[in-house]
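Input: structures, listed below.
In the two complexes below, chain A is the common chain; its partner is chain B in one and chain C in the other.
Showing the complex of A and B:
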């Protein structure tokens, strides 16, 4: 499935509802049972090793699936273990940033983060190179552009994160050690565009470079 | 935190509600909103690398936590990659079985499998040795006994799994490749006993051996 070597060797963690656009899109649903409010602590999910796909990969969807949601995001790549960091010293553990496409099968419920939907083989294509922090600059200046077959389908600013990178590392590393090579995604937009088999996807991440992959054509 | 080398190097996956006792304990709650029924496909969760703790470890709870739920279970350890296996050929990928304690912070909601609650550092103590299938025999003959400070607190049979080992591997590997060294837990009992800091835990797994660890005394 992969066409280039992967630039990382750890586990990828993601966080939902970390931007103002997503909270606005979720809207009233966040106030319904059983939670009756937006999450106050980071709600995390995991993309384990089987989900990693390299630049240029053709990702095959699980049997019976005709659509996949493609969410452009950025991974914080750890160059040193992060345990119980404060926002003030969190960035010391960061090796750089990585452009990532977080793939999910569409599913009805926001409330049950299903492993099948987010963790099928190839559900986490990553760019070929980790860009050092000094080179990438502040994420708040970046906008990610997603194209399906050359047509623009989504534009996402990183200026509206609810928890910025230092705060996110502090909140997660309070209970969970992030090891060297692990990746923490800064969040995906709720309701990102959906691609069908055969789609060529490209994400332009400005200073973070680009990421291209495709959704495999044939059913398996 | 660890006192012995770990017998595995992959990711640990778990499944909830895979036994008749748990379904009975959950009872009417499974029929409430938003799901209105017990899950029909395996509901999985992940215990990433930071959760692994070796035989003899003293596991420190996250700050502010005074109790931890201790669920004795068995991990299926993969000796070969398992992708799209059928129940008939699933066991060919299994290297053996491993006695595991799946630790969770008590939380109110069955519906939001929270990462903080299940994935804090040390939340997955494992026995020192993977027992080959031929030596372990059929899991259905095993009973796991859990002791807190020498007193019996739980007894759990493996005869009542809703999905047995071959079926579980087939259902999960349909969408997710389990790699060599990965572990798939056969399920934990809903509402397992809770331990306080300072508790010495021992799990006796019959042919699978035993697993001992403790919950660290002091808050960090």
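Showing the complex of A and C:
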């Protein structure tokens, strides 16, 4: 599946419920069972090594699956270990940013870890290059545009993060070390657009470049 | 055959047991088991852990047994070796051990059938999957703040070859806190056994050498405090020892506040 070299070697962590759109979409359900209240700590998940796919990959869905959510996001790439950081010194550990498409089989609930849904082979296509911090500009000014077969399907800004990059690093590194080479995704939108097999996906990330891949016709 | 990974005299070595208290390195050096630094016996790649995979434990936590395996993942930060420390933070009120059979994958595969599952196993080790329940939230539960804390998943001491474990589904598990037995069970009581877990996970993702499956824990959880010595033992696999320390014991002169430069 991996046709080109990957620009990372560490572990990829992600977070949900870190933007105002997701919180609004989930709405009053967050207060009810099974959640019984909005999350206190960052809601994290892991995209393991088998999910990484290079620019240009044709991602094959697991048997029996005909739809996949495509969530454009940005990965914080660590250039030094981040452990017990404060927001004031968190950015010292960041080497750069990476445009990422977090793929999920559609799942409405965030109650249980979504392993089958988020960890199938190829479920994390990443752009070809980590963009150094100095070149990336201000993340809050970025807008990510997602296209299916050339047509725009989603647009998201990074200005509405509940925890911005320094705060997210501080709150995650309070209990777990993010090592050099690890990647922390800044968040995916709840219920991102769904693609069918055969779809060509392109994400335009402004200063972070672009990422193109496809969803293969054939299941794996 | 069983082997350990240790640090000794500035190097990382594979070591074999030599008598009851010593290790033999590849070049023949003999060292005491208490003198070396024990590392996890494998460098974990993708690590799966099972929740509620013993019927009695599910009942203990007031859950009905799951219909599909309840799986969560761990990052490499979580692991530490035999005879190491794990930290109980000052604000924790309930931190418990979990003695688990850890399956080490030795051969890659996708869509592996139950019948072929053991062909993909390199061997077994012991995991102690500590949880701090104060941090439990109903979002991707069990959440990483409970289950993926630095050095809160001791692993070891040995990687025991699959060939030396004729029936991994009939092994006694025992946890002792300061020498007193607090948890007892048998792998025979797993809801989803090892072949079923390998078939399930490989139905949507490729398993690779170095991947680990921590297969869950039976009933008998108890709070552990700083200073407690916790032995998690699985018959024929090994006895993994860990000591709980508080913030002062963990950070020492670095202090207990936020990261100090």
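Simple rule for what comes next: the second predicted complex is superposed on the first by the 218 of 220 C-alpha atoms of A that agree within 3 Å, B and C clash if a C-alpha of one lies under 4 Å from a C-alpha of the other, contacts with A are read in each partner's own complex, and residues count from 1 in each chain.
Convention: contacts are C-beta pairs under 8 Å (C-beta built on N, C-alpha and C of every residue); 3 or more make two chains touch, one makes a residue touch a chain.
Since the structure is predicted, the reported quantities are computational estimates derived from the model, not experimental observations.
Student: Should the superposition on chain A be reported as showing a clash between chain B and chain C, or a fit?
Tutor: With chain A as the common anchor, chain B and chain C collide in the superposed model.
Student: Looking at chain A, does chain C or chain B touch more of its residues?
Tutor: Ranking chain B and chain C by residues of chain A touched puts C first.
Student: Return first, second, both or neither, reflecting whether A:50 touches chain B, chain C, both chains, or no partner chain.
Tutor: After superposing on A, A:50 lies in contact with both chain B and chain C.
Student: Considering only the touch criterion stated at the top, classify A:63 as touching first (chain B), second (chain C), both, or neither.
Tutor: Both partners, chain B and chain C.
Student: For A:11 in the superposed arrangement: first (chain B), second (chain C), both or neither?
Tutor: both
Student: Touch check for A:89: first (chain B), second (chain C), both, or neither?
Tutor: It touches chain C, and chain B stays clear.
Student: Considering each complex separately, which residues of chain A are in contact with chain B in the first and with chain C in the second?
Tutor: On chain A, the overlap between the chain B and chain C contacts is residues 11, 13, 34-35, 41, 43-46, 48-50, 62-63, 83-84, 111-116, 119-121, 175-179.
Student: Touching residues of chain A toward chain C in the complex: what are they?
Tutor: Interface residues on the chain A side: 11, 13, 16-17, 34-37, 39-41, 43-46, 48-51, 62-63, 83-86, 89, 110-116, 119-121, 173, 175-179, 182, 220.
Student: Which residues of chain C touch chain A once you look at their complex with the stated criterion?
Tutor: So the residues of chain C in touch with chain A come to 45-46, 48, 70-78, 110-111, 135, 137-145, 148-150, 203-206, 208, 258-259, 261.
Student: Quick check: in the complex, which residue numbers of chain B touch chain A?
Tutor: Against chain A, the touching part of chain B is residues 10-11, 13, 33-35, 41, 43-46, 48-50, 62-63, 83, 109, 111-116, 119-121, 174-179, 220.
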